[in-house]
Each structure stands twice: as structure tokens, then as C-alpha cells.
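Both complexes below contain chain A, partnered by chain B and then by chain C.
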Partner chain A sequence: MQLKPKYLSLLILVLLVAAAPLFFPSGFYYRVGALIFINGIAVTGMVILIGYAGQISLGHAGFAGIGAYSCALAPVYLNIPPVAAIAFGAALSAALAWVVGRPILKLHGYYLGVATLGLGILISMVLLNEAQWTGGPDGIAVPDLGLRGLLRDMGLRVGAGELWYWVAALVMILGAWLALNLFDSPTGRALRALHGSEVAARTIGIDVPRHKLHAFVVSAVYASVSGSLLAQMNRLITPDVAGFMHSVQMVTMAVLGGVSSVLGAIFGATILTALPQLLTVFHQYEHMVLGLVMILVMIFLPDGLLPSILKRLKGRNEE
Partner chain B sequence: MSALLDISDLGIAFGGIKAVDGVSFAVRPGEIVSVIGPNGAGKTTLFNMISGLYRPSQGQVRLDGRDITAMEPHLLARLGLSRTFQNLQLFGDMTLLENVMVGHHLRERAHVLPDLFALSSSRRSTRASADNALALLRRVRLDKGAYREARAMSYGALKRLEIARALALEPRILLLDEPAAGCNAVETAEIDELIAEVAASGVAILLVEHDMKLVMKISAHIVVLDHGRKIAEGAPAEVARDPQVIAAYLGQHGQDQVLHAER
Partner chain C sequence: MSDLLQFLLSGLTVGAVYALLALGFTIIFNASGVVNFAQGEFVMLGGMATAFGIAAGLPVPLAALLAILGTAALGVALNALAIAPARGAPVVSLIIITIGAAIFLQGAAGLLFDKQIHRYPGFSGEAALRILGATILPQSLWVIAGATLTFALLWLFFSRTLTGKAVLATANNPLAASLVGINTRAIMALSFGLSAAIGAVAGLLVTPITMTAYNTGVALALSGFAAAMLGGLGSPLGALVGGLLLGVLEALTAGYVSSQYKDAVSFILIILVLTFLPQGLLGRKSTDRV
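For the complex of A and B:
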């Protein structure tokens, strides 16, 4: 029996996540891994928005910001437990995406890019300027999720890095499962169809604005959850999480790895997260390298790294 | 039988130039009506108005007596109006099977949450669409390439794929814009047979086609456009003898073809 592509992708993901710690030279690498997975979550949302539906967003870090600050503020001001704050942030992001998405998604191409850019900037400005709530540019502390304490009470002692490695991995794999389900579903096909030809999609009965909006909302939830986890892992959050560079990073990671494939996009997230963490030289020039990578990929591998590699391997097999 | 599609005084202007001007005609269930005319006559523009892509500046389109002028295309699809495109509009990254599966969109329940969690309702929809789509691909003899990407297929195959996708809607009226363009004789004959078969099942068909042999053979009724106006209409034999039609479009060559087809 042949494994369905969906399960093959998930299996590869699970194996890599489970095996990677065997090669970690130090505990620091758990943290890098957790960061990769947290970015992997946001990037999986971009696959749904850009890869499936063909809509661009240069402002999704704004939703990551909402997720992150929800974890900082909701437990303090609304008395919501830290775990529920993740869901609270996700609901807030979804609601905002729903309201803003309606008018914005009528735009096409770079008009949509500019509008989403504006949305992201707006959110990050609010976070930066409402200092009495958000702590302004210095950031704000995030209440403890309490997971480590809970495990300790159960007699399990795990380091923070290690714990977040597994939590983020679990959420990312869950997110990948959802996105892979969507790909091969009525909604997923409708999204890919309107990506291919909006005119044809409309004439076969697809309510194009509705489906675009759904993709936008779902991807906003991914970004929000990613921001929430980042906040809770770091226990401190600054407005950078909602900044333009973070939005660009999300798109670049997805496009580098292969924006139409979940596995590819996570691969992209892995490369662009790990390199600056592991090579300090890279860290200094991160933004320049990001730009360079983007240009080179667009010219030489417009499908992204993983799909291009797979295509080449396949081509060789068929010869 | 009364008309299923009723077009009256339909017209549109682009920058003051009337691309279609006061065109009226009707199509009954199971009937094949063809629209012919020289390049730029306004045939595709007429289709774009009927299918809701262009908003007419004058006139009305009625489906089953109901005014559907300038209705959203996806709502027209719900009412059973389906079409193909002169310059292919396919989903290149999707497989042939998936291209036809999305044609079943209206019968699928596309709700984002059940689809994300792959609930059984979602999986059932997908399975049913796949079964139906495979049957349709078989009907247009594309089932062998069902799992290949559309972009990898030949032009003739894609023309048939578009028809299969349009049929997946189970339309009551089907608009075909040059379905045989760029197809070889064998493929044209197949498309001819397919169209006749679909009409025989009760679907009303509105056809634009330059292949006069095909048009004369399968049409019950022909509407001739020139410079956006209807210059003639009637049974194939009538239209073929119309001196105005011969002058504007058919020419001597076309008439020979027509007479040939009649024999």
C-alpha cells in the first residue's frame, strides 16, 4: 500500500522533530528548534494564504503581535488564564481579519500587498504607542503558562528549552495536519481554483470573496498562535513581533522553501531561523541576506527550494 | 416548449463603441443554438454578459422567466448556467481530476472548519466529487491522465477538460465558446458527438464556433452577429443562403462547406 502524500509529509515531519535532539550538541539547540517550529506555524498559515489562495499579505506579523500581546495583557487585565489567552488572541485576530479582510481582499496583486502592509504597520504602531498598556518599545513581561510547574508537580523535570521544543513541535505538527487536510478538501480546491483563475472559479459557482476571507482568517489565526507561543516561551515581548521585518520574514521563509507546500515552507522556516541563530556572522547581516535570498530564489527557483529539489530528483528518476 | 434562456435587446459599449448592440434570441431546453460571426463580432462579449462577467448597458437576460441580468457568476452557476472559455481558463497547478472536482463545488459542502479537521462530511464530499469527476473524465477520454497536472496537457485535451469541468456543474444551460478551436479532425468529431449527447439529455446549449461544418450539422438554430448586431437568424439552411450572411461571414467557401454538410 502506498502512503498518501498527506501522511507521508506528516511522517517526515514527526521523524525529523523526534530525531533532531539526538544530534544537539547542547541544550541551546532546543531553543533554536522551538523558534523554528514557532516560525513554522506562522509560515504554514502563509502557505494557506499565499500558496493555496494566491493572496499576498505583508502584514501578518500584526496578527502575531495580537497573539503575543494577548498573552501578556489578557491574564493581567481580563483575568484570563495564560493558556486561554492563546485562544483569546486567536479569536481576536480572527475577528480583526474577518472585518478588515472583507474590503482589503477585493484588491489584487500589489494593491493587496500595500493594504496588508498598512494593516501590519497600524497594529505595530498601536502596540508601540499605547505604552501605558503595552510597555511601548521596551516590551512587556508575559505571565508564565505554568506548564513547567505542572510537570514538576507530576514529578517531571524538564528544562524550559526542552519543554518549548516539544510544545511548539506539537502545535506545528497539528497546524501542518490541518493545512494538509485543507489542501485536499472542498475549501482547499476552491482556494487553489480561485488562485488559478478567478474568472473560471466564479463561473463554476465559487463564492470568491467568501473563500478568500476564510483563507485570510485562518492564516491570521496561525500567525496569532505563533506570536502567542513566542511570547510565552520568551516571557517577554516587544513590538518587533508585529513589525514589518517579521511580516517580510514570514513571506520569505514560505517562498524560500516553497510556498505551495507545507513541508517546503517549514523547510524555509528552518533555514532562515537556524542560520542567524547558529552563525553569528549571518546574524549581523540577517536582513541583507534575507533580501539577497529572496532575489536569488525568485530568479532561480520560483517554486521554492523543496519543490525544485523534488522536481529535479523526479526528473532524474524518469530519465 | 418555452424558452429556458431568453435574451432581449442585450447590448454593451466599451468607451462609446457598441461591442454588442440590441441582440435578442432564445434557447429552449435540449436545443443547440449557435452564434456565428466574423472575428470581433461580439460573440465572446455576448457570452460574458450572459454569464455575469460583464454588466450589460442595455437589455435583459432571463432564465426560466426570471431576470438574471448582471447577476454574480457564482449565483448564476447555482441556477444551472455553466460555460467554457475561448482562451482556456483552467487551474494549471491542479490535476485533471481536481479541475473537474472543483466543477462539483456547488454540490460539495465547502465549510472551512470541517475541511480543516477532515471531518467525515468533508471527506465524503471529496470522495463523491472524485468519483463523479473520474466518470466525467472518462466521458471526454481524459481518465488516463487524471492525476497529471493540467499545465502538462495538450491544447486539445485542455479544451475537453474545460467541457468536463463545465458539465460537472450539471448545468441546465451550457455556453461553449469555440470548443473545437485548435482541435484536429478526430477531436472535433468527438466534441461534436459530446455536444449532441449533452443536448439530448435536455441541456440547452449556446455555442460559438468557427467550424462551419460542425455548426451546420448540430445546430437547431443559428444567430449571426456582425459588428455587434444580429444580422440574421434561423435554421442552418436558411442562414446559409442568406446573402447578407454570406457577404459578412460565410463567403463562398463557407457556403460550400454548408452544402456539403447538408448532404
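For the complex of A and C:
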């Protein structure tokens, strides 16, 4: 029986997520795992934007910031229940991406990079400076989602780390499934066509600006949900979530792992999230190692880690 | 009135630094088509190295010279080790490589120097000068004069020397340049060294005013990048105009609107400029070939 690549990817993902806890030496690793999945969600959005549509964004952390602060502020000021705040943040991010995306996405390459970078910085600046709402640089507490309480009432006692491991895993797999479905859909094909050549795509009747905008909005929603979950898990959020470095992290994770495949990008998220946790011993060298990894992978494995590894394995089989 | 003059003076000081940063971006972009996000690290390194040289007892001019030469060597090394091997890579890869280089240099500077904030006294003392009711630090005059001199020297270099013209030719068309016997690899190395040296000059001039630390590079790079984009990426005159404009606008915003949102104006402006004038204020119009 031959599985479709789409289902094979999902199956691998589910198996890895389910099997990983068997090897956890302590409860701390559930938190690391949850963090990986939360980054994995944002990175899946980057696959749609960068990998499918060929557009770059250096400002997507701004949308993560909107998602995160929606979870902190909407329940307090708008009386929206914490669960609905995630959807509220996603809707807000989508609306902003929709409005800003149209003029910005006319730009290409570095110009698109700087425009999105500006957008992200503006959002993080508002979060940093409007201290009466956002708590400023010290951050703000996030109301409890109530999930653990709900499970306790049902007689299930789950640690916070464990709970978030499974919740984030579920959302990530759902997101990966949607992204994989998109790949072969008419929209996915259109995106890949305009990635190859916008002019060629236009000549066969693809509405290029509309499709770029769709990819931008969808990826913004992914980033927003990722930010929301981060806020809910940590119960505290600081403006760093919307900062330039977080935007860079998202792009780097995706490109490092392999931006043209969902599985590869999540692999990149895994490595770049786990590496600093493992490198705490070498805390002093953390930045140097991270910078070096970014440079070396881009020079020697420009397709990203996972596709390059797979290619090498395939090549060996054929010999 | 004296308020306005005060804001203009401080804006010109910061703007001169932005202009030098933007010039560094421009030189590297013209030579290699790469936007070098590590440009801000050169400014940081110029300031840090000078601070440590002075602390070690070196006379100021010698410390400054060593800082410039060391940073320039680092620029050449960056090209040889990270940029040149990635020839022809897509824009996203190049962005990640230079951001990786910036993170690496930041980590290395934190380790090699330290993680404290550093400054040293201004070159001509610390007593503020009074001009028409506004005050200005003598060091600000150093910054503005240094930037003017750098731009003038560079203009002479590009328009009067054979090497400078070779750089322009390489920027215009690398293949044609190599066909007429220009060593384009050497030109690339030269451009990175030159750009790093310019960054170091900006850093060592402005450190007595703004102070420096190992992690100041990224913010500087973003402002310089913004200035270069504003003027039009690839045009040295655009770098000058974009840098000064950005500096003055930031100072006016900080003075009249809100100091917290002074950076916001520049980015709002950039989004507007890019939307309506996609090539920047002074950039060339380009058309895509299919």
C-alpha cells in the first residue's frame, strides 16, 4: 500500500509527537516540547508564505504579538472568554494583514523585507509603549484558559507542562494538516506558480495580488495562534514576543529546516527551540553557535536540513 | 525657534550616523547585491574597540585607527567566509546569513570585550557650545565633520581613481566588468572592507554621545537599513539624504510628538515611501526582464 506523501508526513508527525514523551527524563521536557510545537505552528505559516508563495516577511512576530496580547487583554477589557480570545486575536491579525498586505505585497525581495519589518516593529512599539494597557516592557499577566480546572472537574489531574504539550501538539498537527491540504489545492498550485514566475502565473490567468494576499493573511493567522498559545501557556507575556528577533527566529527556523516542506520547517523549529535549552551549559557561546549554524546551513545546505538529508539518503539508495 | 534649532542639530548628528550606516549598506549592496544586516555590528565594534584601546592606555588617534583597521579586516573576512561561498543564493538565504553573522559578531563581542556599557570622553571636551540659544556638544561637530569628510573622500575615490571606477563598473555589471579585466573578487573584498571601515568610523565618532554595548548593533542596522531604503537602495547620495532626513524626522518627532514613538515615524514613512515610490526617494527605476 502506498501512502500519499501528505498522509505520510502527518503520520510521521503524529508518531513522533506521541512517542517523544516516552524518552523524557523529566517533566521539564514537556515544556520544551510544547514550546517546539508552538513555534512549529508559526513556522508552518511561514512555509505557506515563503515556501509556497515565495514572499518574505521579517515582521510576522507582530502578528504573534497581536495574538498574545489579545489573550491578555480581551478577557479583561472586552469580557471575551479566554478561549474565544484566541479566535479574536486571529481575526484581528487577519484583518490587519488584509489591510496592510495589499500595498506591501506589491514589493519584492529586500523591499518587501523592510516593509514587513517596519510593520512588525510598529506593532511591537505599540505593545512596548502603551504601558497603561500592556504593562510595558515588564509584560502582563494572562487570564487562565481554565482547561486544567475543567479536566480536574472531570477527575483528570494533568500537570501544566503535560497539558500544554498535548494541546500545542494537537493545534500544530491540525495546522500542518491544513497546510498540507493547501499544497495540492487550486490555491496552493496558484501560489507555487506565482512563486516560480509572477508574469507566467499572470499569463495563465492567476490573480497574483489576491493569492499573495491570501498567503499573507493565512500565515498571519498561524503566527497569531502561535502567539496566543504561548501567552496562555506562560500566563505572562512581554513585548519580546512581537520583537524583531522573534520574527527572525520564525523565518530562520523555517528556512533552516527546509521552507518548502511542512515537516522540514517543523524540524527546523525543533532544532532551534531545543538547541538553546541544551546549550545552557555553554550559555556564553549560545549566540556564536546560533549565528554559526545559520551561516553554515545556508551555505552548505541551502535547501534546508531535512530536504538535504532526504536527498542524500535517496542518492545513496540509488547507487 | 531655539527649540527647533536644537532638534535640528541633534537630528543632524544622529542623521550623520544613519547616513554613514546607509552608505555602508549601499556600498555592499552595489558590489554584491546583498543587504548586510551585520552592518550595525561594525558600528558597535568600532565604538567598543576604541573604548577598550583608550582604556588600555593608547592615545585616542591610535586606538581609533586600530579599531578602523580591525573592523575593516573583519568585513573582508565576513565576505570571504560567509558571503562569497553563498554566491547566487536566494534573498531569504542571504538575509539569514547576514543576520547569522550579526548574531555571531554580537556573541563574540560580548565574550571578547564584555557586556557592560562603554563610553569615552569627547575628542574636544565635554563643554556644550551655545549657538543661537541652542546647545551642541563639540562631539556632535566631530560626527558631522567626520561624516562630511567620509562622503567627500568616497566621492573622490569613486570619481577620480581607477579602483573606484572599477567598483562602480562591478556594481553596474559584474560580468562586463570582469570581461574588461577587472578583478571582481578583489572589488568585492574591497567593498566589504570599505563598508566595515565606514561603520567603524561612525561608531567611534558617536560613542561619546550615545555610548555603546555589545548588543547595540541590531537596532543600528535597522535604522541604517531604513535610511538606505528611504533614500533608495544603491545610491550613495540617497544614503546621505535618507540618513539625514531620518535623523531630523526622528528628532522632530521626539521633540514635538512623543519620544517613545520617534522610531515609529521612520517606519511609517518607509512603508509609505515604498508603497508610493517603490524605489525610494532617489533610487533608479528598474524594470523586470522576463
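Keep this in mind: the second predicted complex is superposed on the first by the 309 of 319 C-alpha atoms of A that agree within 3 Å, B and C clash if a C-alpha of one lies under 4 Å from a C-alpha of the other, contacts with A are read in each partner's own complex, and residues count from 1 in each chain.
Going forward, a contact is a pair of C-beta atoms (placed from the backbone, for glycine too) under 8 Å apart; a residue touches a chain by one contact, two chains touch by 3 or more.
Remember, predicted model here, so these are calculated numbers, not experimental data.
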- [ ] Applying the touch criterion given at the start, work out whether A:H287 contacts chain B, chain C, both or neither, answering first, second, both or neither.
- [x] second
TODO: Check whether A:A72 is in contact with chain B, with chain C, with both or with neither, and answer first, second, both or neither.
DONE: neither
Open item on the list: Quick one: is A:H214 in contact with chain B, with chain C, with both, or with neither? Answer first, second, both or neither.
Closed with: first
- [ ] Could you look at A:F244 and tell me whether it touches chain B, chain C, both or neither (first, second, both, neither)?
- [x] second
Task: Which of chain B and chain C A:T187 touches, first, second, both or neither - done: first
TODO: Could you look at A:V199 and tell me whether it touches chain B, chain C, both or neither (first, second, both, neither)?
DONE: both
- [ ] May I ask you to decide whether A:S260 touches chain B, chain C, both, or neither, giving the answer as first, second, both or neither?
- [x] first
TODO: State whether chain B or chain C is in contact with more residues of chain A in the superposed arrangement.
DONE: C
- [ ] Touching chain B in one complex and chain C in the other: list those residues of chain A.
- [x] 197, 199-200
Task: chain A-touching residues of chain C, taken from the complex the two chains share - done: 35, 82, 85-86, 89-97, 99-108, 110-111, 218, 222, 225-226, 229, 233, 260-261, 263-264, 267-268, 270-271, 274-275, 278, 288, 290
Task: chain A-facing residues of chain B, complex - done: 51-53, 72-74, 76-78, 82-83, 85, 89-94, 98, 101-103, 105-106, 108-112, 115-118, 122, 125-126, 129, 165-166, 168-169
Task: Parts of chain A lying in touch with chain B, wherever the complex brings them together - done: 178-179, 181-182, 184-190, 192-193, 195-197, 199-208, 211, 214, 218, 260
Task: List of chain A residues in touch with chain C within their complex - done: 50, 56, 58, 103-104, 106-107, 109-111, 113-115, 117-119, 121-122, 125, 128-129, 197, 199-200, 244-245, 248, 251-252, 255-256, 259, 284-295, 298-299, 302
